[in-house]
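Next, two complexes with chain A in common: one pairs it with chain B, the other with chain C.
On to the complex of A and B.
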């Protein structure tokens, strides 16, 4: 299980569920710059898409190794933020996108710090409004992943990464548990869908130690929401062990949850969450 | 050391040459869209760069490559004309907050065997496929006559020069009796399921047989081409059909049946290749 290589015939799939509720308008400092949480989230997600395109880069073209889905949930609905629910990495690369100039501070080898401007493509724009219909997002994710698994029965199973800073407002904890269980029950011949939850810290939360990819012995925060996210997150297969052990210095097996994560570590957490990219051949 | 992303390498190269510890004047080359020219490899991206008037391929390792030093020293010592020999530079490229390891390859004019195969199939000039099949068989025979094996033989790791001569790149999985295994077991589907962590003079046998039979089959019937042909050859019903294509060459039939063996070693492989070449 979880051993399928990702090839042009056996593509991989990554689906991101993004909480775009009103609380994402909170201002934070991300990579040394002041912005809203939703802007930071959009930057991290755009960066992940670019990395996925880069990893699929072959001579003179981008090879069709991945399908990407992005679902935003806010107000009362969950909707795809891309033109189609699933878009191939080739289509994303060929899509005309606006670019954003980012001012980044870099430390040079001699210790000097310089400001550089880099151009980044933007597939999604930041948004923040209303409530947190996470239940609807899980329902949409299930429909999308069910059809994907039917079309790609021998592929590495889809990886669903849910990024949120709050609790669902359209479903109870039990309902979220059942929806997540239903989502995780989807499978290809290579294993069950993997659901990862990244909970972003908020300055309004009670201070809680961050929790990254806990194993069975890791104490969970004394917090109902953390417990729920732990329960609905997938146990991670062996392929993740080395990268997580390097990050947490704890032994496997790990659970696919990061609780109270800072935005600055989001890019790194997404890189681990999307490790199926390492299975491209 | 955390894995370095390709985005980070691109940002670094765009900053200019000051980011290298010893190399001076490294300039990335750009595609028509203004992006650095690169391909993604399993260990990291490989950029096309220029230093002065000379072109190079710069392989940037996402993880430490320190354990590859003995292997790269051996490559320099062997200095085989079949191998494009790189210089491994440890802690060379400043990325973010630390140095990454790189390997600098002299630029070789030509295309990979993978690119050539797709190009000739797409352009309908399928008569070129027989040349590729022969060229590969000759290369494989020369490899088997030597003391080393490539370890990750696949069409993407073979450069076809304009003259038709083939040379090997990316030898980080090389076998040599003086080396110990570096934990790199080749790339599926070019690896026999039973090879696992074997590290001996037979590690290229299966990939040689698979690539050779695929190329000869395609040279006879180009319509067989599908992305999964090389995966399918040993296991699916295509084998019986391809055997009929090879009916005038018993050595190719023998090579094809060797793919179905439970053993990753193929007996008398070089002799079989010689017979195919001289048929």
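On to the complex of A and C.
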């Protein structure tokens, strides 16, 4: 299980569910810079797509290793933010996009910290309006992933990453649990769909320790969101254990949830979430 | 002299109030540490004690007396309740952790069972014209209760409608009984007044509501109300109601009251339209509900029993808005209360984590944790969930645009702001209108004689007496488009 190689014949799929509700206009500290959660989320998503493109880059062109889906949910609906529901990494690479100058802090081998300015392409623009129809997003994700799994029965199962700062406004916890269960039940011959949840912390939230990939013994924050997100997240396959153990210094098995983590950790999580990309070659 | 027994609770506790758990400091006021072995509250206060599973509600204001040590507790006599009409009182050893120390505390409290309903809510629940049998049962039970108390000699001393509850079948349960101390009122008279209230509730709910509101006004003249009831009852030919009201006024003896209570319990309900009219003239605010209690501003693990609320609105953003008396509160849909630091006289549904509320001071806006993001000092606030902004006016009538965190976005104050839509807010200064963007920037000068909100990308304006439409670039629409719009 979860051992399929990601190749041109057996593509991988990453579906991002993005909370674009009004509360994402609140501020968060991201890589030492204060910005809105929606800006930080867009930055993280754009960097993930760029990372996927870089990983798929071959000598003369970009290889078609991934299908990417991006669903934004806000106001009363969940919609695909890309032209098609699933877009190949090649198509995304060929899409003309605006660029943005980003200041990144890097640590040199001698320990010094330097700030560099890099140009990054923007597939997603920050947005924050309306309510949080997470239930609808899960329903749309299920439809998208179901059709993808039918077309790619022997591929590594889709990875769905839900990035949110709060609870759904269109479904109760029980309903979200049922929808998530329905989503996780989708599978390819290589295993069940992996559902990851990332809860973005607010600058003004009560400070709590960030929680990354908890195991069964990890005490969860006393917050109903944390419990709900833990319950609906997939247990992570062994494939991820080594990288996560290095990150968290706790023993496996892990759950695919990151609570109250800063967005630095989100980027770290996404890199881990894309470990399957290492299997391309 | 018989020592004053703790009315609500015995609690073993530490003598230093600083060691009280923070969430209990406002629930367990302790301001007298002088007596050895005890401390007491000098004020009469409402207590609400809770553990993780249950609430122990002491529904009447009372002075509490708490033991400091186990020995002091053992000195106390635990009252057993042998009368059917007295609410259960339980001694619960090691039941609660009330303090920072790990030690458990003991509690003796009158327990409001989940199925017990306060008088006001009981009447509200059973006042349907087709389903008033429970109200007759309640009247019957009040008579039996009064009879029993007279026979046994038990005395409450501060009985009012607030510490009378009912079982689902309509049997009376008296809370916080007994008190050994000076009597503040006559128990029989209180029961008779409760019976009158129930009868009026069963006959004419609007009259009952008005009566309840009137009774809770500070300057309420109870005798005048009783005279009003008596005269209305005479007009409608309801003898027992008129006689009982007059008997209370005339301080009739207990046997007379008992006899009249029995007669009233057997009297069919009659419409009391005249009483409603008469009470309306005294309230000036018909059908406003009394403040029986306001939602306790306590820690979020307190659960709200929605069945005991006077009004419960459908959940919005999974948060339920409910009313008890005149006060509003919020709770998660599973009942978990959202504490707000001030009593809420008005409240709106949550929309994407924000709700506009009204306190005694003014309007404010709270987040989903109950914290004020815009303080409660505004004369008006409008929250636009889809635009993620609020517009608010201060007491001088100056309007500004604010973001969801309460930061002011607009630099220019206006005399009025209209609805926010499609990224714009229409505003007025003096007698001219203009537009702001929802980011707070002024998009046009105040040049229009009239201006309306954007809809489907266009807005109607009037400039120098000419009406036309502008688009979101604020350009005048072409004649062709204008014509098409007019046709539409």
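Points worth noting:
Just so it is clear, the second predicted complex is superposed on the first by the 262 of 281 C-alpha atoms of A that agree within 3 Å, B and C clash if a C-alpha of one lies under 4 Å from a C-alpha of the other, contacts with A are read in each partner's own complex, and residues count from 1 in each chain.
Criterion: contacts are C-beta pairs under 8 Å (C-beta built on N, C-alpha and C of every residue); 3 or more make two chains touch, one makes a residue touch a chain.
These numbers come from a predicted model, not from an experiment.
In the superposed model, A:55 lies in contact with chain B only, and not with chain C.
Of the two partners chain B and chain C, it is B that touches the larger number of chain A residues.
By the touch criterion defined above, A:122 lies against neither chain B nor chain C after alignment on the C-alpha atoms of chain A.
In the superposition on chain A, contact is made by A:108 with chain B only, not with chain C. Shared-chain residue A:132: touches chain C; no touch with chain B. Of the two partner chains, neither chain B nor chain C is touched by A:91. By the touch criterion stated above, A:9 is placed in contact with chain B alone, chain C being left untouched. When the two complexes are overlaid on their common chain A, residue A:239 makes contact with neither chain B nor chain C. Of the two partner chains, neither chain B nor chain C is touched by A:35. On chain A, the patch touched by chain B and the patch touched by chain C do not overlap at any residue. Against chain A, in their complex, chain C makes its touches with residues 316-318, 332-334, 336, 351-354, 368, 385-388, 403-405. Of all the residues in chain A, the ones that touch chain C in their complex are 21-23, 25-27, 75, 128-132, 166-169, 172-173, 204, 224.
The touching residues of chain B, counted against chain A in their complex, run 2-3, 5-7, 10-11, 14-15, 18-19, 21, 38-40, 42, 45, 94, 97, 99, 111-112, 114-115, 187-189, 226-228, 231.
The touching residues of chain A, counted against chain B in their complex, run 5, 7-9, 47, 50-51, 54-60, 104, 106-109, 116, 118, 243, 246-247, 268, 271, 278, 280-281.
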